[in-house]
Amino acid sequence: MTGLRLLMAGGLLVLLASFITMQNKKVVFFGDSITQAAVNPGGYIVKISELAANDNLAGQFDFIGAGIGGNKIYDLYLRIEEDVLSRNPQIVIVYVGVNDVWHKRTSGTGTDLDKFEKFYTAVIKKLKDKNCKVALCTPAAIGERTDFSNELDGDLNNYAKVIRNLAKNNNLPLIDLRKAFLDYNLRENKENKESGILTTDRVHLNEKGNQLVADEMWKVIKSL
Amino acid sequence: MTGLRLLMAGGLLVLLASFITMQNKKVVFFGDSITQAAVNPGGYIVKISELAANDNLAGQFDFIGAGIGGNKIYDLYLRIEEDVLSRNPQIVIVYVGVNDVWHKRTSGTGTDLDKFEKFYTAVIKKLKDKNCKVALCTPAAIGERTDFSNELDGDLNNYAKVIRNLAKNNNLPLIDLRKAFLDYNLRENKENKESGILTTDRVHLNEKGNQLVADEMWKVIKSL
Amino acid sequence: MTGLRLLMAGGLLVLLASFITMQNKKVVFFGDSITQAAVNPGGYIVKISELAANDNLAGQFDFIGAGIGGNKIYDLYLRIEEDVLSRNPQIVIVYVGVNDVWHKRTSGTGTDLDKFEKFYTAVIKKLKDKNCKVALCTPAAIGERTDFSNELDGDLNNYAKVIRNLAKNNNLPLIDLRKAFLDYNLRENKENKESGILTTDRVHLNEKGNQLVADEMWKVIKSL
Amino acid sequence: MTGLRLLMAGGLLVLLASFITMQNKKVVFFGDSITQAAVNPGGYIVKISELAANDNLAGQFDFIGAGIGGNKIYDLYLRIEEDVLSRNPQIVIVYVGVNDVWHKRTSGTGTDLDKFEKFYTAVIKKLKDKNCKVALCTPAAIGERTDFSNELDGDLNNYAKVIRNLAKNNNLPLIDLRKAFLDYNLRENKENKESGILTTDRVHLNEKGNQLVADEMWKVIKSL
């Protein structure tokens, strides 16, 4: 092979390589109504693309919402093939748990803690088997009071602990939204209000809640 | 080919055919604590093998229990690969639904009706995709009173209706245990007792309950 | 005393007596949101006054609503002095039970069956101690399906049975709305609808529901 | 009146006064299963009489248990005449709230927070109308973990807050068992166990729990 040919071949490789690196990383946000709303203007997924743009990384990511209202961990498991794996994402952010706790009270159809862990483990396994990078979020809040008098705080703390352990035991990055929300409320919610600081209704995110979630997630996503 | 050779080849074919038909059909019973107990002496699976023996069909079936206490429809879905499909059964009897209703009251962790249908549909699909013959059972009882004053009768009737529709829409045989139990109690439970007729504790089967379930199931299994 | 004076005195007595008998009987309807709405146009209490007028008995009754939304049997007990006894009614119609069952599912705050009976017994005792004539109503419906597949049918039937027994054991007239509603729906609700026949929303009365309740109650009230 | 007579009259008054002061103060403990068990050996009421004896005040008090298993605030209201007021106590310790929260989860029959406050207010009024001195206890625990991950911590904290406010607004001494238990567990429950520190089963008192309750109550009782 002549020098020229070598040069051309080398050039092709560079082109190919840059083409490959130019392919965006797909990030799927896998969750419930909070994530379903996150693709709307002001939603946390939209805000994450803004953060990516600010960091001049916009061209490197595709951000895809896969949230469905009312979903619990076993609902994620049921639709993981169709809604996540079929998209071949590089990164999946799992953000679930509020309904698993909340529905115990509202409709008698929450998720037992041991089954929550079992299905969550199965979800992680499916994602790892497809070589997805996975980050886990704790559920942020059902009520924003800071003195642990939100009705479901005890139970929600328990489910958050399970997720923290799953992250640790599976060596996965943790996005500890529950801690982030509590810290923020301890600073900003001096009147011990139930909602209106980071949520509109104790659960769903307002402007500041979406920003906080976006900030916490983006820190992790860009490090992956 | 000479006549002798033809004869020999024919004999081989007969042998082969009889060998094939001599392979037992695997029947997996897929369910909750009621099915978990059914492999014990006096249990309905044991009684079904007795019925098969009476019909001189003992050699044609392997009866395999795959029941786990506390299971709801989504638990079946989670373990269907490992506990059912991996065994390559020819026939699968799905018998679930009590906990989906009952746990609403006892622990706030029942299954919403629409999700019950969704997961049940997914279970049927997995079984059909593997060419299993499938029969569906309605949940027999949570309480044996005949005047519809068992606390959860309304809800349980609703879940039974979903299963009846799934059987119909999927062209699957239905083993309507709920109807069979009610009919039996209308005849035999003149004092309108809550338990003790076919169940020990409103839910789990006594001797007669196991026999009734075995009779109803065997009729369907041998027809498949 | 002369004959004339005697005559005049006698006339006065007659006048007085007729004045006394002309005092209206106070009828208090003691219940929950269904009764709270019953004083509105088209409500069952309004319809009962129309029925009384049709029977030329309008002048003999005062119909008083004492219903408060969300009330269970123990709420009635708490406010019986202030809202019922303080009015010195001759007749009290107790119509409660839906929330005692319903709130188990919606908020985890229903009433245990044994406590329902205990508080109901205490309510009856308070009314009897004040010499009120008392009639008891069974809760009509939480869902109008006729095949006992309304979610809470079993439980509601149980509470209705307790009320029937209380009426029997205390020799009180029973207004069996649950039976009346079921009979009506068996005739008129051929499509097995959940609501829209006698209720607007499975529980609260539409025009026909108010009429049926009024008819059933008026039969009893005018006989007291 | 002569000096002698005056002297005699004075002596009588002194006798009478000492007779009056020698009458024991009746203290009724009004509550649920925790109080029902408190009259048994090692129970907190037995321990309080020991504390009284240690302080040489044994002769001044009669300690009477009026606890019934499963009681919620409205059950106390129902039986207050018969079980408390009829005994003409000088002091009543109200200790309730666990079942109002707990039964939401176990049987769907807890007490709504607003109704809890309403019935509690009615209980206080009945006691004050009879000139009883009243002290209020917060419910100690449903689970002893110190990181607010006991399932019902949030709800229980809320009910405790209502009781603290009722004490404050009614100028009644507060026996803040919930705070005492949490403080004790923060010191002694380093492993964040769910039970076994002050309770046997997350709710009912072990030896140390009974002692802590007795200590906290006795401080208040002897000051009344």
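Of note:
Labels A, B, C and D are assigned to the chains in the order they are written; within every chain, residues are numbered from 1.
Following the convention adopted for this analysis, a residue touches a chain if its C-beta (ideal position, glycine included) is under 8 Å from a C-beta of that chain, and two chains touch if they have at least 3 such contacts.
Not measured: the values here are computed from a predicted model.
Note on connectivity: the fewest chain-to-chain touch steps from chain A to chain D number 1. Each chain gets a centre from the mean of its Cα atoms; the one farthest from the centre of chain C is A. Distance between chain A and chain C, defined via averaged C-alpha coordinates, is recorded as 54 Å.
Taking the mean of the C-alpha atoms as each chain's centre, chain B and chain C sit 47 Å apart. Separating the centre of chain A from that of chain B, both taken as means of CA atoms, is a distance of 40 Å. Residue positions of chain C touching 2 or more other chains, listed in rising order: 104-105, 107-108.
In terms of inter-chain touching, the protein chains here all touch one another pairwise. Residues of chain B touching chain C in their complex: 104-105, 108, 143, 147-158, 161.
Looking at the complex, you find that chain C touches chain A at residues 105-108.
The touching residues of chain A, when paired with chain B in their complex, are 74-75, 77-78, 103-105, 107-112, 115, 118-119, 122.
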